[in-house]
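Here come two complexes built around chain A, the first alongside chain B, the second alongside chain C.
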Partner chain A sequence: MTIELKAASKVTRGITHIKPTSLVLETGHFNVLLGQTGSGKTSLIKLMAGLDQLASGQIFMDGVDVSKLSTQKRNISLVHQFFVNYPQMSVFDNIASPLRVAGMAKSEISDRVAEAAKILQLEPMLKRRPQELSGGQQQRCALARAIAKESRAVFLDEPLANLDYKLREELREQLPELFAGRGAVVVYATSEPEEALLLGGKTALMDDGVVTQFGPTAEIYRNPANLTAAAVFSDPPINVVEVMSEKGSIWGGGNLTWDADARSASEGQYQFAIRPHYVTPNRQSDADVPVTGRIAVTELSGSETSAHFEVEGRSWVSLAHGVHPYKVGEDHTFYMNPANGLYFRKDAA
Partner chain B sequence: MKTENQKAWLFVLPVLLLVAFNALIPIMTVVNYSVQETFGDNLFFWEGLGWFEQILRSDRFHSALGRQFLFTFLILIIEVPLGIIIALSMPKKGIWVPVCLVTMALPMLIPWNVVGAMWNIFTLPDIGLLGYFINNTLGIEYNMTRSPIAAWITIVTMDVWHWTSLVVLLSYAGLVSIPDAYYQAAKIDGASPWKVFRYIQLPKMKTVLTIAILLRFMDSFNIYTEPFVLTGGGPGNSTTLLSIDLVKIALGQFDLGPAAAMSLIYFAITLLVSWLFYTLMTKDDAK
Partner chain C sequence: MSKRSIIPILYILFLMLPIYWLVAMSFKTTNEILSGFSLFPQTFTLENYKVIFTDPSWYWGYINSIIYVSLNTVISITVALPAAYAFSRYSFLGDKTLFFWLLTNRMAPAAVFALPFFQLYSSVGLFDTHLAVALAHCLFNIPLAVWILEGFMGGVPKELDETAYVDGYSFPRFFVTIFLPTIKAGVGVAAFFCFMFSWVELLLAKTLTAVAAKPIAATMTKTASSAGYELGLLAAAGTLTIIPGAIVIYFVRNYIAKGFALGRV
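So, the complex of A and B:
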């Protein structure tokens, strides 16, 4: 099973929501759409689901053009951020509803519902109504409906966003197993980089209605194609400074300087970006370079301390394990290994 | 140490007074009349439950009650489905929303006796726009001062015109609160428009519809002003609804005892039906 977009775009009332996008999504792993709110994740899902019309381009499922096909005929499932279940039906009927509409035999319906309910631990609640369930159970009911349907594609649009932390982690761990070996293309939209990393598979980075980069999740995390991609895949925000490469050394303003490496050997202007957890309060190795800035804000979250400070007019963040006694308003020297950073040519970015 | 005094009563007093003047005293006055025979010069004679027995056994009360239930039944089975249909066909967004909402709200803003007078003139066979049109242009005999059927059609139409908007506005409020996600789920499942209505829209409108039906039941069951101005209960007694009959007994014949007894019975019926309906409709949610 594959979904292929060929220059698919979406425009409503003159506003472009999705710029022409080409993408091949396959079964066997999670396809994560990662982007901030408003980057077009939901719009792209609605296009693939057939809930919205294409402005241009085509969508293929298993090589067949489905661009003009109605949502129902595409045989897909969609799980929302909100818990969408039919309020008047029992959990059993909710899971069974798409199968009934499809005209499936009664015995097969109850088999499939029983299987889905077992996987999602909904067996004791089959007779209850959705509103009598907790949020997590309601969302499991929606997931069970998607599983029982055995559709060709399952779209999960931030399905865990409205669940509390504990439940979110629990369900996120289960998700890959749930869909493993079912043959459906699983598309998972999220705004949290961490979720994309945990779910693995492939990730499509989305920004402003366009897929900026697509590939194996870990690969994209290590080598983002541009600064925007790097920024999307970083939480807290990635640290950026403009640097100049000249005669084998890098200069970033003030006394911020280090040796150029293979990636920045050719002379010119670069944007240097480094993730907050690579900027630490103590020297870790000989290759470390000191970065000094005035501390603006510090936050202690459990076992990690983050400090916001200013480097060459840009706000930087350091994220380090342990409790560090930063003093707001004072200069502090942090250390980073430029090898952990990313270079983007100024003209290319 | 705990101080014990009676100061708490001071805090309860305002509400006690309010409830007393608002509800208790008027009702007890009616109860007072209902168990006595009243003459001029403030002469009262104990009557017990005699008036209640008389009212409950009287054919006049039975037929007025029958007409009252028929009227309420008719307007409910017209206004509720019609209101839902109009609400469903109203735009969900865009510049037409406020236009539709204001247009819908207009009939409700007109004072009740004006509504009665308007429809009275509107349906006059010789000069009324509608009356003239039906009688002279269509050639159909239509005169509500002569024909009971015409009178009934007129009061029902008038109430539908006046109050369907309430059902529309409440249903519409229920409809627009349904997230798009539900419609998408239905689309993905391939549910028919009827199933969307039956399993998404209707359940989501249930609360507001319960309120709408309850309000329409109470209002129409107690309706007085509009039919009084329109038909005055005629021709004959054909549109004499309970409230009109009640006023006839109380003020026309000045039979305060029977009128008071009838008021209490009337009140009890309204309360009982409303309570039954509300309990049945909210039974599921309470579980």
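So, the complex of A and C:
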């Protein structure tokens, strides 16, 4: 099973929501759409689901053009960010409803519902109404409906965003095994880079209505194509400083300087970006370079301390394990290994 | 009884007084009503009700009213459902303007429309039919129903529609088996208001009918007969007109609060 977009775009009332996008999504792994709110993840899913009309381009499922095919006939499932279930039906009827519409035999319906309910631990509440369940259970009910249908493609539009932290972690762990071996193309939209990394598979980075980069998640994390991609795939935001490469050394203003490497050997202006957890309060190796800045805010979250400070007029963040006594308003020297950073040519970006 | 409950009780007694007076009158003879003040019927009589239930010119008034009111409620809701769905789900050219324009129909007094309706219906042979009154009442009931239903439909997330389509529901099937049950409270409230407004409307109903579809309210306006004023009879007729409304209110009492919460009632 594959879904292929060929220069698919969406325009509503003169506003372009999705610029022509080409993408091939396959089965066997999660296809994560990663992007900030408003980057077009939901629009893209709606296009693939046939809920919105294409302005141009085509969509193929298993090589067959489905661009003109109605949503009902595409044989897909969709789980929304909000817990959407049929309020007048019991949980059993909710899970069974797509099967009933398809005209499946009663015995098979009850088998499939039982199986889905078992996997998602909904067995004790099959007779209840969705609104009598907790948020997590409601979303599990929606997921059970998607699983029981055994459709060709499952679209999960930020399914965990409205759940509290504990439930989110629990359900996220279950998700990959839930869909493993079902043969459906799983598309998972999220705004959290961490989720993309945890789910693995492939990631399509979305920004301003276009897929900027698509490939195996880990690879995209390591080698973002441009600064926007790097910024999308970093939480807290990636640290950026403009640097100049000259005669084998890098200069970023003030005392900030280090040796150029293979990636930055050719002379010129670069944007240097480094993820917050590579900026540490202590020297880790001889290759480390000191970065000094005035501490603006510090936050202690569980076992990690984050410090916001200013480097060359830009706001930087350091994320380090353990508790570190930073003093707000004072200068502090952090260390980073430029080898962990990313270079983007200024003129190219 | 606590002090707190005294004021509500007094208020309710005050509200109920005219209704009580009407009911009490309906069990009195006309002579007793005219002779002076009495809190309870001195000579309790069911004669007034007997007249209404045996005289076709009386009980047909009720039947006529119920026919055109039911007809109107059915037409109004049937027409308003798709209209309200369109207003709540789609944006189209002039949707806001049209929505407001629909409501303005309610702002004109019915008397304005009495003459055009009379002339129009006479010329197409609708005069003195139940359908004539039912259609005339649609003029202000459909906008009202659209407005109420749109409020309820707006409270249902669009994602529900999308989920149903993805699950394979065709639009008509989704509308009837999923959407309607979801907004049944709204349908109940809208139907109640259509029923009420049509039931109490007198001017159009009276203008557009003569004999065959004469409503009860028009029958009641014949206060005098050869036997003089028949106040007891009128009171009995009045009491009976309250009953259908009371029954409908009983069924939708829980939903009306929801309607108020949406600010649409």
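In the analysis below, the second predicted complex is superposed on the first by the 349 of 349 C-alpha atoms of A that agree within 3 Å, B and C clash if a C-alpha of one lies under 4 Å from a C-alpha of the other, contacts with A are read in each partner's own complex, and residues count from 1 in each chain.
The criterion applied here is as follows: a residue touches a chain if its C-beta (ideal position, glycine included) is under 8 Å from a C-beta of that chain, and two chains touch if they have at least 3 such contacts.
None of these values were measured; they are calculated from a predicted model.
Undergrad: With chain A superposed, do chain B and chain C clash or fit?
TA: Here the two partners, once superposed via chain A, clash with each other.
Undergrad: For A:78, select first, second, both or neither according to whether it touches chain B, chain C, the two together, or no partner.
TA: Touch partners of A:78: chain B and chain C.
Undergrad: May I ask you to decide whether A:86 touches chain B, chain C, both, or neither, giving the answer as first, second, both or neither?
TA: A:86: touches chain B and chain C.
Undergrad: According to the stated criteria, A:101 is in contact with first (chain B), second (chain C), both, or neither; which is it?
TA: Both partners, chain B and chain C.
Undergrad: Is A:51 contacted by the first partner chain B, the second partner chain C, both or neither?
TA: both
Undergrad: Tell me which stretch of chain B runs into chain C once the two are superposed: 5-13, 23-31 or 41-49.
TA: Stretch 23-31 of chain B has C-alpha atoms clashing with chain C.
Undergrad: Both chain B and chain C contact which residues of chain A?
TA: Shared contact residues on chain A: 46, 49, 51, 70-72, 76-78, 80, 82, 84, 86-88, 97-98, 101-102.
Undergrad: In the complex of these two chains, what residues of chain A are touching chain C?
TA: 46, 49, 51, 70-72, 75-78, 80, 82, 84, 86-88, 97-98, 101-102, 142, 145, 149
Undergrad: Using the touch definition up top, name the residues of chain B that touch chain A in the complex.
TA: Where chain B meets chain A, its residues are 179, 181-182, 184-185, 187-191, 195, 199-200, 202-204, 287.
Undergrad: For a test of understanding, state which residues of chain A touch chain B in their complex under the given definition.
TA: Residues 46, 49, 51, 70-72, 76-78, 80, 82, 84, 86-89, 97-98, 101-102, 132.
Undergrad: Which stretch or stretches of chain C touch chain A in the complex?
TA: Within the complex, chain C touches chain A at residues 157, 159-160, 162-170, 173, 178, 181-182.
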